[in-house]
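Structure, as structure tokens:
A, B, C and D label the chains in the order they appear, each numbered from 1.
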Amino acid sequence: MRVGVLTGGGDCPGLNAVIRAVVRKGTQEYEYDFVGFRDGWRGPLEGDTVPLDIPAVRGILPRGGTILGSSRTNPFKQEDGVRRIRENLAKNEVDALVAIGGEDTLGVAARLSGEHGIPCVGVPKTIDNDLSATDYTFGFDTAVGVATEAIDRLHTTAESHMRVLVVEVMGRHAGWIALHSGLAGGANVILIPEQRFDIEQVCDWVESRFKVRYAPIVVVAEGAMPKDGQMVLKDDSTDSFGHVRLSGVGEWLAKEIERRTGKEARTTVLGHTQRGGTPSAFDRWLATRFGLHAIDAVRDGDFGKMVALRGTDIVRVPIAEATAKLKTVDPKLYSEAGVFFG
Amino acid sequence: MRVGVLTGGGDCPGLNAVIRAVVRKGTQEYEYDFVGFRDGWRGPLEGDTVPLDIPAVRGILPRGGTILGSSRTNPFKQEDGVRRIRENLAKNEVDALVAIGGEDTLGVAARLSGEHGIPCVGVPKTIDNDLSATDYTFGFDTAVGVATEAIDRLHTTAESHMRVLVVEVMGRHAGWIALHSGLAGGANVILIPEQRFDIEQVCDWVESRFKVRYAPIVVVAEGAMPKDGQMVLKDDSTDSFGHVRLSGVGEWLAKEIERRTGKEARTTVLGHTQRGGTPSAFDRWLATRFGLHAIDAVRDGDFGKMVALRGTDIVRVPIAEATAKLKTVDPKLYSEAGVFFG
Amino acid sequence: MRVGVLTGGGDCPGLNAVIRAVVRKGTQEYEYDFVGFRDGWRGPLEGDTVPLDIPAVRGILPRGGTILGSSRTNPFKQEDGVRRIRENLAKNEVDALVAIGGEDTLGVAARLSGEHGIPCVGVPKTIDNDLSATDYTFGFDTAVGVATEAIDRLHTTAESHMRVLVVEVMGRHAGWIALHSGLAGGANVILIPEQRFDIEQVCDWVESRFKVRYAPIVVVAEGAMPKDGQMVLKDDSTDSFGHVRLSGVGEWLAKEIERRTGKEARTTVLGHTQRGGTPSAFDRWLATRFGLHAIDAVRDGDFGKMVALRGTDIVRVPIAEATAKLKTVDPKLYSEAGVFFG
Amino acid sequence: MRVGVLTGGGDCPGLNAVIRAVVRKGTQEYEYDFVGFRDGWRGPLEGDTVPLDIPAVRGILPRGGTILGSSRTNPFKQEDGVRRIRENLAKNEVDALVAIGGEDTLGVAARLSGEHGIPCVGVPKTIDNDLSATDYTFGFDTAVGVATEAIDRLHTTAESHMRVLVVEVMGRHAGWIALHSGLAGGANVILIPEQRFDIEQVCDWVESRFKVRYAPIVVVAEGAMPKDGQMVLKDDSTDSFGHVRLSGVGEWLAKEIERRTGKEARTTVLGHTQRGGTPSAFDRWLATRFGLHAIDAVRDGDFGKMVALRGTDIVRVPIAEATAKLKTVDPKLYSEAGVFFG
């Protein structure tokens, strides 16, 4: 048995931990061979491989990034994509694929498995934690940790000076990072994409905070938006992957708060620091267990499935179902956090 | 409505986050008053109180320890304990208690609620994560993080030098910290109290590790024990709380490995660094949510219950049930980790 | 003997460590009394005091910010400023002042000492490390640490993806933080205010980096500027203290690199996270020793002086001299770092 | 020109940063070739080499350990050692050596340069900071940081519980790590090898600390010793390098304090966690500059010298002088810290 492994989509701490667990268990317990495909689906599409065995995965557990590289290549958007993948798998004598990635990468795995009989097992990956089938995805805890540490550092400035401090965190469509880091960091306002905010309400919270001789910390997800008519985003462009890029809500917010309240405001934009670096212990544990269970699914011939966390258990769910719906922040959960606003 | 709050048992990062959430939500949403009892059950027993309102909980979220102090005082071991508690609650016009603590502290709350009609809600706390009713307890993630960071640092020494590195972590009866940090840190041997280890097997793993030009890292829970006849603990004493204190398994292991393999070994004993300091983001989130839901239970008059984590939900379970059985490491889970040994 | 203490200017990790050392040694060894003045020179100007004794400084060593508050109030710009200070010092029976602050705060201390006979000792504080009389100022090491950790995290993203990563760090007039964190973090381009950069050269370095299959990390001080004609800053405003605020060089750079090279670029703006939070061990050590030696200067009646670090020694220098000239990055030192560019 | 590089002695964060800087500057600016010798002086002695060029040093800056391996092999204790080194250098066409190491490793370099005409430049390395010719050595700041973070975590336990917390840190002959981390961490007692401690005085400090309702933290260097007659070390053995190994002063102290004061005491032994892992920003900066200046010394033909830090400058000093005398903690400096004891 020879198993191919690939990683697709954006960077996410824990990818290497998955790869290592897959290879260690597959080699030692099931005597499988492995081959790495480079840069997500580009690898099997172009037959670009890299050797993958136990020495290759030594020491990678604590490292961010992915030794296999990544891309957002979609074989279904390429001429003859499926045929070329099939050929390259055959040429490399690959019997099954473990695909580690987000919605897009796994969506390809689901179709290859379901429609084309190419045996794939999925491992879910999204720093944003917005996948409905699993309690958590790896990388999320690390991102929340980075954001929380930043907020912690801002508190002392908030105590000493009378400034509004705005922190822009990741989260284009879901506010999980903002919500968790905002709660953990003791933010005074948390703004998420799921619920348009009222800039007047934000300014009220800001001003009520100053009254207790303490400066407010505002955590805002990059995808958060004010109510209709309250904001004109200064920059609406699309990035090279065709995603809309809404840069600047943090800076916009700082300026708008300054303008409306007369208080100085400063912005921190954490950017890609949230998705790089060594994974947290939680993420390494989760990623390792995902890897161990993914190779078990291969052994069981349980294809078209992905591994998922439920409580403390790792289960298997159909990829297609799992990626169908974005997991956004429940309004009830968001309002639970509201007790700390202002 | 006036609610008393107390914290009992050993130190655990997140205690202050619980207190803050209880007081913030109780004050702002339910207009309750609060009183803090000092040093666990000693507080209501002796009527030792401290003011507890929103200013008192400001800034405590990221801080380890507990602003209320702690002790292991058990009112059922004191003459007239229940009566004195009842009197002191009456004197302070306290209508309900939120008790934050481990098995012992919550056991008292269960009996006070169940047998004596004193309305208590429990919040579970154990750094060791060994409570069966909840997926995780706060403090555990922080402890695992501290231990994992220590193991990370040892890896470079392991690469450069040909020494065995032994890390002793907490866990007298359950090996959760050893298992999680050992897996997250990429340890080569993990020893837990649930399963007696064979020192010969340990030495085999150690030697097989040296063969790949890499020094082994051994993570051992303080309560781990070798097979019968393999060890005479150098020091068997009881601490001031009557618990047996088995110090020294880490150092014993290092010496025994040196003696048997001829390789040098060095020990790191993390001790109380695992249970102090700022809580991780995960633990602040969990502790905060526990606090929010505990005060909801008070409002609902749902006494004799404790809050618990199930997946991503906070639920309520009877305290008595919840503390009945120690949650130890499942042998299957431990053997899952075995693929990384040696 | 009764000594007043105040902290002025921007936030800086280590301020509390200075205050604690001054009070501990002054109280225990010299039996002085202390009084804290609130918010820099506003305190003695308005007679706004806070009690300052050993219990007041307990536990503050690891905390960022300042328990005394801060401001940028300049008594020489206030009517009757000197007279009012003299009166408030007399009213509080203050015999000497320890002023902890940057160029502005210390400049006031120098004039009060030199021209008006008000006995002041200075402790230098600038996160930017741009004070010529001392090898280092406290807070700087912490800021460099925060920036370096951010750069570390970006490296894994740089390895996995083909994006330019721009990090904007503090440093309006001096590039010390950019230089140290850029070198420590292994940045591929470091841009500092002391030397106008050529955007074409920056793009050359960026492109040469991509050739070794690695994405470039560009560290830019907030005060760095391109050559004449290469940049129009989008926003030139002044903050409430009258300082020119040049926000946005990081974002400008990312966009300009995208435009010129066709590569995607992402920006991280660390902002105030660099000046908040717990001080590094180095900064606590330096701040503590500054405090111990400042109170020695008071005891010796050595006024008009400030403490300074020379090698591993703490010395005293005239405040006036010390603050006369900005310590900028030596071109030779900057060019030493150039070996790592590109 | 072809330059050999080797690293000797104990592990120390920053070794890789030196190697990288030497190779980057030597290759890019001086067009030198490099060869790595494995495991300290064992490499040139046995002709064991490893390729060393720019790709080989990519990504190693933030990593602990040394890519060249290390040992304590002393060629002067080997038959024909010098001749064999000379032959292996000739065989590998090596014109000069950069030796990175502590007293022993540099002592060999001094003799090879001085007595045998083998051109060596030294880079000083000691985690203990006990080299007299330089203000600081790299690795020290990282070790102090690890120890300080541990002490920070213990403080919350100290606040909540009434226990004595003992932390054993590195420092066999010099107390620099204990002194710096103890001061930075706010320890209540600091014990160093330079001055025998009086266990009765220690217990007095411990008890006076409890009086302010706070538990004491005792930092002890591994080489600290009580006064004559107060202690019998339970274990006096020599390690494989012939150094005396005095394990256990931390644990001994905890037990002795328990016995004498009746208070519980707990020990943390940080061990090798202090000398592994990623170097601090300060250490990376220092190690990088040492490397840049070491290769400049090679270019200048300035052999028999080592680089050293003086203030913020890197200078060159004769190796022989530099390693002649151990830099111990000045009694005046130690007594300066005494104001924080008890």
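What to note about this one:
The working rule: a residue touches a chain if its C-beta (ideal position, glycine included) is under 8 Å from a C-beta of that chain, and two chains touch if they have at least 3 such contacts.
Computed from a predicted model, the values in this text were never measured in an experiment.
Path length between subunit A and subunit D in the touching-chain graph (shortest route): 2. The most distant chain from subunit A, with centres taken as the mean of CA atoms, is D.
In whole angstrom, the spacing between the mean C-alpha positions of subunit B and subunit C is 40.
Per-chain CA centroids place subunit B at a distance of 35 Å from subunit D.
Here the spacing of subunit C and subunit D, counted between their Cα centres, is 30 Å. Residue positions of subunit D touching 2 or more other chains: 152, 155, 159.
Applying the touch definition to every pair of chains gives A-B, A-C, B-D, C-D.
Chain contact summary for the complex, subunit D toward subunit B: residues 10-11, 13, 63-66, 69-70, 146, 149-150, 152-161, 163, 165, 239-240, 247, 251, 264, 266-277. On the subunit A side of its complex with subunit B, the touching residues are 24-25, 28-29, 58-59, 61-62, 135-136, 141, 144-145, 147-148, 152, 155, 180-181, 183-186, 212, 214, 278, 280-282, 284-285, 288-289, 292, 310-312, 336, 339-340.
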